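In what follows, subunit A forms one complex with subunit B and a second complex with subunit C.
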Partner chain A sequence: MSKYIPTIGVEVHVELKTNTKIFSNSINGYGQMANSLTNVIDLGYPGTLPTLNEEVINLGIKAATILNCKIRKVMHFDRKNYFYPDNPKNYQITQARTPIGYDGYVEIIKENGEKKQIYIEEMHIEEDTCKSAHRGTKTLLDFNRAGVPLIEIVTKPCLTDGEEVKLYLEKLRELLSYGNISDCKIEEGSMRADVNVSIRKNEKDPLGIKAEIKNIGSISNAKLGVEKEIERQEKLYDAGKTFKPQTRRFDDKIGDTVLMRVKETGNDYRYFPEPDIPFVILTDEMIAEVIKTIPMLPDERRKKYQSLGVTEINTNKLVQNKTLSDYFNDLLDTEIDFKTASNLLLGDISAYLNKSEKLITDTKLSKERFIELVNLVSNNTLTSKNLKEILVPIMESDNSIPNIIKENGIENITDDTEIRNIIKRIISDNPESVNDYKNGHDRAIKFLMGQVMKETKGKANPRIAMEILTEELQ
Partner chain B sequence: MRYLNKSITEIHELLKSKAIKPIDLVEEAFENIENNKEYNAYITLNKEEAIKQAKELESKEVDNLLFGLPIAIKDNIVTKGLLTTCGSHMLDNFIPIYDATVVEKIKANNMIIVGKTNMDQFGMGSSSRTSYFGSPKNPWDKTKIAGGSSGGSATTISCRDVLFALGSDTGGSIRQPSSYTGIVGMKPTYGRISRYGLVAFASSLDQIGPLTKNVYENAVILNALVGKDEKDLTSARKEEEDFTRLIGEDIKGMKIAVPNYLMSDIVSPEIITKIKETIKMLEENGAKVDYVDVKYLDKAMTLYQIIAMGEASSNLARFDGIRYGHSKENPKDIQELYFETRAEGFGEEVKRRIMVGSYLLSGENAKIYYDKALSIRDDMKKEFINVFKNYDLIIGPTTTTTAYNLDDPMDDPLKSFMDDVLVIPANMAGLPGLNLPVGFDKSHMPIGMHIIGNAFEEAKIYKLASFIEKELNLDLNPFGGENNE
Partner chain C sequence: MEDKLSKEEVLHVAELARISLTEEEIKKYQVELKKLLNEVEKINDVEGYDDDILIANWDSNAELRKDVAGDMLNPKEVLENAPRHAGNYIEVPVVISDGEGA
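Here is the complex of A and B:
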């Protein structure tokens, strides 16, 4: 055991999934030509004024609800004043005094099964800055990101190790993407985490000197960064040294944090209420309306899937893939074999989707078509071998499933007498196997069944064939 | 032949009957502007475009009272393709790529923009002497100031160059120069007119308004400027109304309050006398006038300095040399770009206000000063609401003195605020206020009366103003000979 107690707080920025920016009607998009998604408001032109995208407030209410926060009903925006080239007005519109959500928590389950609540101090709405790129002596500015809506979620300093940070970020990502609040893509910058780390000897001691880690490119790096930082601070203290409050960044290449800058004392942002945006006043009815639109969240999905007979492994796999899980949720009001449905989705269909780099929603597999397919498999009309043969046309063509089956010559033989005749012949041709079977060798029946399928070129309905085979062997 | 000295209805009839064309008015306006060049009312003229537009209008139907009429725009209201400097070196190369909402409305009414008027740099000043382009001169006496910050707009109206000008008023910037130059200037209720496209000075106080030679024309153009704008969240949604509708009504029974503070010894005796004469006339005509105490009026100046400078320090942060406007050439780093651009681009008064404003918002000061000011401002609003429970309107003088000399020293920063001490309370409370000329001092410099209305009751102000205007029947043309009928 380490002789120090780490104290960790996490600040996460997520970009909200809105059609337009927070204070202008420019498109909120990623990966477009530089400065193509901008207008005079995003560029901070003289005389321009902000409007307020209502969708942002709605997503704020949703996020606050999902993160178990209290929701502030009377709020305003504030200006955070500082000069930086990525800040077009040289002030950022944020919520400093009246964050939309406060006093929330997220529950994580640690590897040892222990549950822990990560407390959320507050979450507020603000605008993103523009992106700057340095080219030699020049700095290029891309204002596409300027004015993209953000929510910043700030935890209390209640985390104690890298694992908790990782689990918290994973949980947050799962909740916010399932809530349709953000797509939470760390690599595209739509989810960004800054972690504050300090250590101290005793619970009673005041908190130690803080280092903030920025520029964390993945959740696993967040864990690693925290662990490395704790290690660094411990070594310093052990050697009787100390350090100044500082900002560090995680360097992917060396897998460690490096110093960015020593924190200057007392950044003075000259906050004051934004006079261009009137107070936002929420009523209980408005909040209730928005809460109604929150989709089923992961924990509820897991419970639901398992109650329908889906295995635990499949349940977790489904919930990890939001598109598949949403697709699956669409089926919940039908009466199908959900275990088979989950097997199909996570088996052959997932393999197909991965290979063709498609989302299930981009294929011809409509809800109705999938139900048809599940039923054919669950009543053994289609074998998994059959399915593999015809999966591509099912996913890609408009042809009906019965037609596809017919055209591929894999119409099942369900005619009892025909199968019975074939089976009788096979039994008489393979006396050794019949003998083995009677002596209790289970493998023998599998061999005989294989012969049946070979003889019928896989067309025999496996359920019926097995029934007859067992009968004939008695 | 001169047409622009006729009434708006006469001009409208002439246009409608095709006796004259818009181009006649535009040519006359530019002739006037040329003749009155020495008053320095304009920073930029829009001659070529105005002539082109006037010719285009010939094929269009004369469909409203403002059709084809020339108008001047204060140079802090952005005009697409037309230089918009805010009276500052910082923006002396700034050609906007969009129109302010008021400019769109003006264009939609087929009015013709003749040019951009001179002003105190970024609206900061009260004599238009902080303009980077030299000060406008008072048409009644060119050794005197025209007032500010909308000094150019007031001057061009006073000179009778054009019928209409737009100004902006953060702490008296329409009403005070209107008073000094003997014209009618209205600062409407905060939220009446969209601020979209008005380069912000103090966002919670700024309001655009019209300057005209008489009350009726002022009400007519206000009709065209107002309305909820989706681009300005602080603009108000109100039912459409005709601001001229009460003009000509009897004032008998109107209840008018005169705050004692506005008639105290901070105002010159000559002005007090003139206002009292007018009050007497109103009483003789059946209005009921009471002297009342209105709390917090004496605090308005302090509140203004805190709120306006605080907001200004943030609003003017965007002028950093990166995207538009003046930019320091070949800076060695970003700090030098910021420092030198702003050191070179802004004038002294602007820098002073940014520094004071930054200080006022700094650290704990925001709570000590800005928050406190906002809360006293709320108290002041409530005080006004109480007065309007019992009175239709509030009147008093617009300014403490008449226009002073252009070469008076500018080294006392508080002096410039004192020029606006009587008009600032209306900005603080977001109320409409209008300057109406009511006479002259012994050097024949105009004296103005300030009429304050309850929120969104501009029509009532016009009613009283037009009554006084008609009764006094002053010759308000500085060059003489104006017949007011």
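Here is the complex of A and C:
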């Protein structure tokens, strides 16, 4: 047990999933040719005026709701002033005084099962800056990102270790991507986390000197970065040393944080209200309308799936894959066997999707087709062995499932009389096994069942065959 | 009331603006910036002053724009307005990012 108490706060920026930028109607896109998604507003040309994107406010309301925040109904924007080439206006438009959401929380479940609420101080809307890349003595600028809408979510300093940071970020990513707020792709920069870390000896001591870790490229690096930083500070204090408040970055090559700069003075952003954007005033009706459109969130999905008989393991696997979970959600109004449906989706179908690098939505497995398939499997018309044989045409062709079954010679024998005749013959041909069974050797029935399947070339419905076999053995 | 700013205050403002000043200029701005501040401070004398009236009219709710894409600039046009460019990127002297801004 360490003799220090770490105190950690997390700031997360996520890019919002809108068609256009926050203050201009140029496209909000990723991976396009540099400087091809801009207009005069994004580039800060003189005489231009920002106009606020309605969808940004809607997504802000949704995010605030999902993160259990209170929603501010009267808000304005502020200018955060600084000179830096990533922002040609020399200020960033943000919400310093009136963040759209405040006083929220996200619940995480730790490995030991303990639940903890991570408190959210506030979440505000702001514009992203342009992307800069440093090449030797030059810096290259791409303004496609300038003006992309962001929300910044700031926790209270209430986290205490790297594991909690990891769980919080995972939960946040899950909530915001299920809420269709952001695609939360850390590798593409649509979710970015900065972590503030300090340590102190006693609860009663004031908070220790803070180091901020930036440029964290993945959630596992966030955990590792925090752990390394705590270790570094502990060693310094143990050696009787101290350090200045500083910004560090996580270097994944060395798996540790490295110093970026020491903060000699506090930031001086000289915030003042943005005069070009009037107040945004939300009514209860507007807020209620937006909240109605929030999709079913992960925890609710988990509850729902389990209530339909899906196993806990399958439930968690489904919720981890948003495309599959959305597909599954589309079936909730039907009366299929959901356990079988989840087994199929996560079993053979997932294997096919992984192998072919496809999303389920890119295949021929429409909702109707899948329902048909689930029914065929749940009433034992199709065995899992059969399914493996015909899965590719089901996923890739327009041919109907009954046709595919026929063309592949998969006609299971479901006629009781036919199966019964075969079974009777097998029983009379194998008196020893019948005796063994009657003497309590359970394995004998497996042998006899094997004979039935052999005789029928695997076409007997296994459930029906087993029922008849048991009956005939009495 | 002191009739000029301290040298440090002027240097701080200069640093924020990323400009360098000569000793002469510093002396000049110590007086001139203070005069400007004195003028701005008069706003505190206004009766019934409310921070919010500086922002916008409370009655005018911001008109929100539909999330529909419009015309964008041709990248060529964008680059022509920059002093230097490399490929499709605008080029500036190196500045080490400290993640300022967003």
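General remarks:
The rule we apply is simple: the second predicted complex is superposed on the first by the 470 of 474 C-alpha atoms of A that agree within 3 Å, B and C clash if a C-alpha of one lies under 4 Å from a C-alpha of the other, contacts with A are read in each partner's own complex, and residues count from 1 in each chain.
Definition applied: contacts are C-beta pairs under 8 Å (C-beta built on N, C-alpha and C of every residue); 3 or more make two chains touch, one makes a residue touch a chain.
What you see is a predicted model, and the numbers here were worked out from it, not measured in a lab.
Shared-chain residue A:Leu150: touches subunit C; no touch with subunit B.
Once the two complexes are laid over each other on the shared chain, residue contacts for A:His76 go to subunit C alone; subunit B is not touched.
In the superposed model, A:Gly44 lies in contact with subunit B only, and not with subunit C.
In the superposition on chain A, A:Asn68 makes contact with neither subunit B nor subunit C.
When the two complexes are overlaid on their common chain A, residue A:Thr160 makes contact with neither subunit B nor subunit C. In the superposed pair of complexes, A:Ser378 makes contact with neither subunit B nor subunit C.
By the touch criterion defined above, A:Asn180 reaches neither subunit B nor subunit C. For subunit A, the partner that touches more of its residues is C, with subunit B and subunit C as the two candidates. Legend: residue contacts after superposition of the two complexes on their common chain; A:Gly136 is shown touching subunit C, with no touch to subunit B.
Of the two partner chains placed by superposition, A:Asn329 touches none, neither subunit B nor subunit C. Looking at subunit A, you'll find residues 40, 43, 51-52, 81, 83, 85, 139, 141, 268, 270, 273, 275, 277-278 touch subunit B in one structure and subunit C in the other. Remark: subunit C residues 12, 16-18, 51, 54-58, 60-73, 75, 78-79, 81, 86-102 touch subunit A in the complex. The touching residues of subunit A, counted against subunit B in their complex, run 40, 43-52, 79, 81, 83, 85, 88-91, 139, 141, 266, 268, 270-273, 275-278.
Across the interface of their complex, subunit C is touched by residues 13, 18-20, 25-27, 33-40, 43, 51-57, 76, 80-87, 92, 126-129, 132-143, 150, 152, 194, 214-215, 247, 260-261, 268, 270, 273-275, 277-281 of subunit A. Of all residues in subunit B, those touching subunit A in their complex are 77-78, 84, 86, 91, 94, 96-98, 100, 195-200, 202-204, 230-234, 310-311, 313-314, 317-320, 322-325, 334, 338, 358, 361-363, 366, 370, 374.
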